[in-house]
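Below are structures written as structure tokens.
Presented sequentially are two complexes of subunit A, the first with subunit B as partner and the second with subunit C.
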Partner chain A sequence: MDSNKRYKDSLSEDQRKSECENIRKNYPDKIPLIIEKHPKSKLEQIDRTKFLILEKLRVYQVNTIIRRKMSLNKVDALYLFVNDNILLRGDQCLKDVYEKYKDSDGFIYLSYCEYSSFGKNI
Partner chain B sequence: MNAILNIVNSFKTPSSEDFEKHGFLTPKQFLDSGDQLTLMGWKWEKVDDNKKLNKNLTDPKKQFLTFQGRSLNRIKKNVFDDLEEKVNSEGFVETSQRQTNSQDNQEQEEEMRIYNFSITYDTYYHVPRIWFSGVDENQKPLKKEQMFEDVMPEYRDETVTLEKHPHLGYDQMTIHPCKHSQILKSFIDQAKENGRVIKPTQALIIFLKFVGSVLPTLEIETTTDLEI
Partner chain C sequence: MTTTQNCVQLVNEDSLFSTCKKFTLSSAERPMCQILGKIFYCGEKTNELLQEELSSLMFFSYKKNMKEFQYLSTTITTDNGWGCSLRTSQMMLAQGLKRHLYEKRVQSFIFNEKTKLDFQHLIMMFAESNSLENMSQSPFGFHSLLTQAINLFQVPLKQQYTPVQGIKALKQQFKQQKLVKSLKIVTSSTGIIFQEDIRQKMKNWQKSLLLILHFKLGTGKLNQIYVEQIKSLMDLEYFVGAIGGIKNKSLFMVGYMNDQFLSLDPHIQQNACKDPLNLNDEEMSSFFPKKVRADSCIKYEGDFTISFYIRSEKQYTIFLQKISNLNKQYQQQSSENNHLPNEFFIGVQDSKFDISLKFQGSSQEQVIDLA
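Up next, the complex of A and B:
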């Protein structure tokens, strides 16, 4: 399998829908997310793409969950986008983000991208 | 190399096209962008003391911007002190609440903090710069270590430091601005690839997105999600 292929391109809409419905049934208090590398990112792809995260967690906590799975330079910031182009505010809870941006297949698609943005006080 | 470039650029006064090219703001663009923030609850402050005036900003009544916001829930602990993660039978990475005793839960009822933010214009790097300091419920100023509880753990100490505020004259927490133009530039570039244009007047809104990633629990962003 092509490791660069994104989840959405690897399965048909019906397949994705039924996978999502299934998981929603079993885990009603958790949000089904697909988390992938942003096309612009030079970071490695994290080893898993399908996540179930507590709906009360906030975006910055999801950021920490992802950040922990990679080795990121300390001066790099990690940004989370929905559908590759909507930059999320960190203090929103996942439930609200999901209601606003979930895909027609029931998943919400997040991508992560690094930006060297921090100065250091030398 | 970047360091040399920074020094070279710092001697130049940016032109208005340098926003798109380098992520620099001219003093005029800073003022225009600041006017946009005043529509979202920020306020321009004047400076009376001639010595604390930023002379690049032509209007002494518009020297820096201020905003007061709350801290909602602090990043006291690593998020994984409360969470655990496993791969479930369906192949999903599942996060769950770690079972804790009731005493821990009580501790999470935290007092509210109020933060005063300000944005100044950094003449050396040609970018906005954020400053902040907070008080507890009894109006008692927070110590540096306490304020770090509102900073993402990765950025404590190195990125966020205590320095003298150019207009107020006393120490405040601040994010060092030497990379701010790069972040603005990367937002501009990405928007361009998506067929959108980020105007210089939006610079401070973008800047607050970036600040929000360092200080996620503070009510600083009065805007919503940003489509780029």
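Up next, the complex of A and C:
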């Protein structure tokens, strides 16, 4: 798959829907997430985009899972957004986030991004 | 660089004490503005007070003709074009220190003949100085700060920094200095104030707290749903400034006026001071703002750092209470409006969650990677 192509664009809505339904049937207590690098982020791409995570986990823990998949300096902050523009606060429960923001295909779409630097490179 | 349209002229270039009347609040469109937790309502007397308040803010801009950097093999003499995040970080710490050291009884600490010595003392800590003995007097000066930042992050010279890195470098410098011992800096980028964490760090609250929180409120531009939240935090009396940005310029935000944020812009080049221990009036004046920018919230980027100064445990309790109230108020609003996010962007929690993911059962049961 083209690394710049986002999951949502790679499959039709029906395909995504049926895939999600299958997953939900087998794992009712887990949330199906699509986690991708935000196009503007300079961070590395993690090795997969689809995740199934226990619904009682917090956003903070999802953050840790992603950090482990890349070599990120301890100082550098990593932020998780839902639908590319709403920041997820660390103590929010995945289940609540899913209820509010799940897509019509049943997945929830998260993107990760770092704090930007200001100034110009000379 | 900056369009005059967005700027409000504050002080005549030639005189440190003169104020100019251009920054005025007119009752019709600008009934009030908020500067570092202080409200200014429209009125003739207010404009004078506002003028004083703004022209007594600490300001650090790009400098040229800086002395050589003794510990870095470089010939650079200016930070023009790449040092803005470090400059805004300096402003944040300076504002915190100003409140910590000098605003104990009086609400405001205004620059005048009486307070000149105190301001000199404060400026000295942030002045550019390259000799070893002066560096211990100026632990937050640009030379010390850049040396620390390069040491910490190993980035090449002239590289742009993030405010997160700028604050981290200043925090490290703060740990190593001996001038101010009664303050503790705590930073976080999780968006949550962990009470247990603060308890551990503050011990018996013999020191005061400068709490600095980093956020990204939108992947590109600032997501406008956060503007009201930011304003309500700026209303708190504990607010000592924020760092935001427009395009690739880092700005030090001091407050707001209607739907504009007011900020100090470090993107002007001034001459560096020659000897921090012996500042003349002209050099002094380079550490005070001549202009305050007023830009619409829409122009800001999502990267956002906010700081609060909390003097004592008692104040801390009130601060937490206020944050919790903001959270409650917000939740009410968001339950009525489906477009708003679930949560206020700062939360309060008692203890850290188990981030090791060691729950009952194997980790396979927690997270399943679907290829």
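Basically, the second predicted complex is superposed on the first by the 114 of 122 C-alpha atoms of A that agree within 3 Å, B and C clash if a C-alpha of one lies under 4 Å from a C-alpha of the other, contacts with A are read in each partner's own complex, and residues count from 1 in each chain.
We adopt the following convention: a contact is a pair of C-beta atoms (placed from the backbone, for glycine too) under 8 Å apart; a residue touches a chain by one contact, two chains touch by 3 or more.
Here the structure is a predicted model, which is why all the values come from computation and not from measurement.
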item: Side-by-side fit of subunit B and subunit C on subunit A, or clash; value: clash
item: Which superposed partner A:52 touches (first subunit B, second subunit C, both, neither); value: both
item: Which of subunit B and subunit C A:111 touches, first, second, both or neither; value: second
item: Touching partner for A:22 - first (subunit B), second (subunit C), both, neither; value: first
item: Which superposed partner A:96 touches (first subunit B, second subunit C, both, neither); value: second
item: Common ground on subunit A, meaning residues reached by subunit C in one complex and by subunit B in the other; value: 23, 27, 30, 32, 40, 48, 50-54, 57-58, 60-61, 64-65, 75, 77, 79, 85-87, 89-91, 100, 115-121
item: Contact footprint of subunit C on subunit A as seen in their complex; value: 23, 27, 30, 32, 38, 40-41, 48, 50-54, 57-58, 60-61, 64-65, 73, 75-77, 79, 81, 84-87, 89-92, 96-97, 100, 111, 113-122
item: Subunit B residues within the subunit A interface of the complex; value: 72, 75, 78-80, 83, 85, 87-88, 90-97, 152, 154-155, 158-159, 161, 163, 175-180, 182-183, 186, 190, 193-194, 209-210, 212-214, 216-219, 221, 223-228
item: Residues of subunit C that touch subunit A when the two form their complex; value: 81-85, 152-153, 158-165, 168, 189-192, 214-220, 223, 225-226, 245, 248-250, 301, 303, 341-345, 347, 349, 353, 355, 357, 359, 365-371
item: Contacting residues of subunit A [partner subunit B, same complex]; value: 22-23, 26-27, 30, 32, 40, 48, 50-54, 57-61, 63-65, 67-68, 74-75, 77-79, 82, 85-91, 100, 115-121
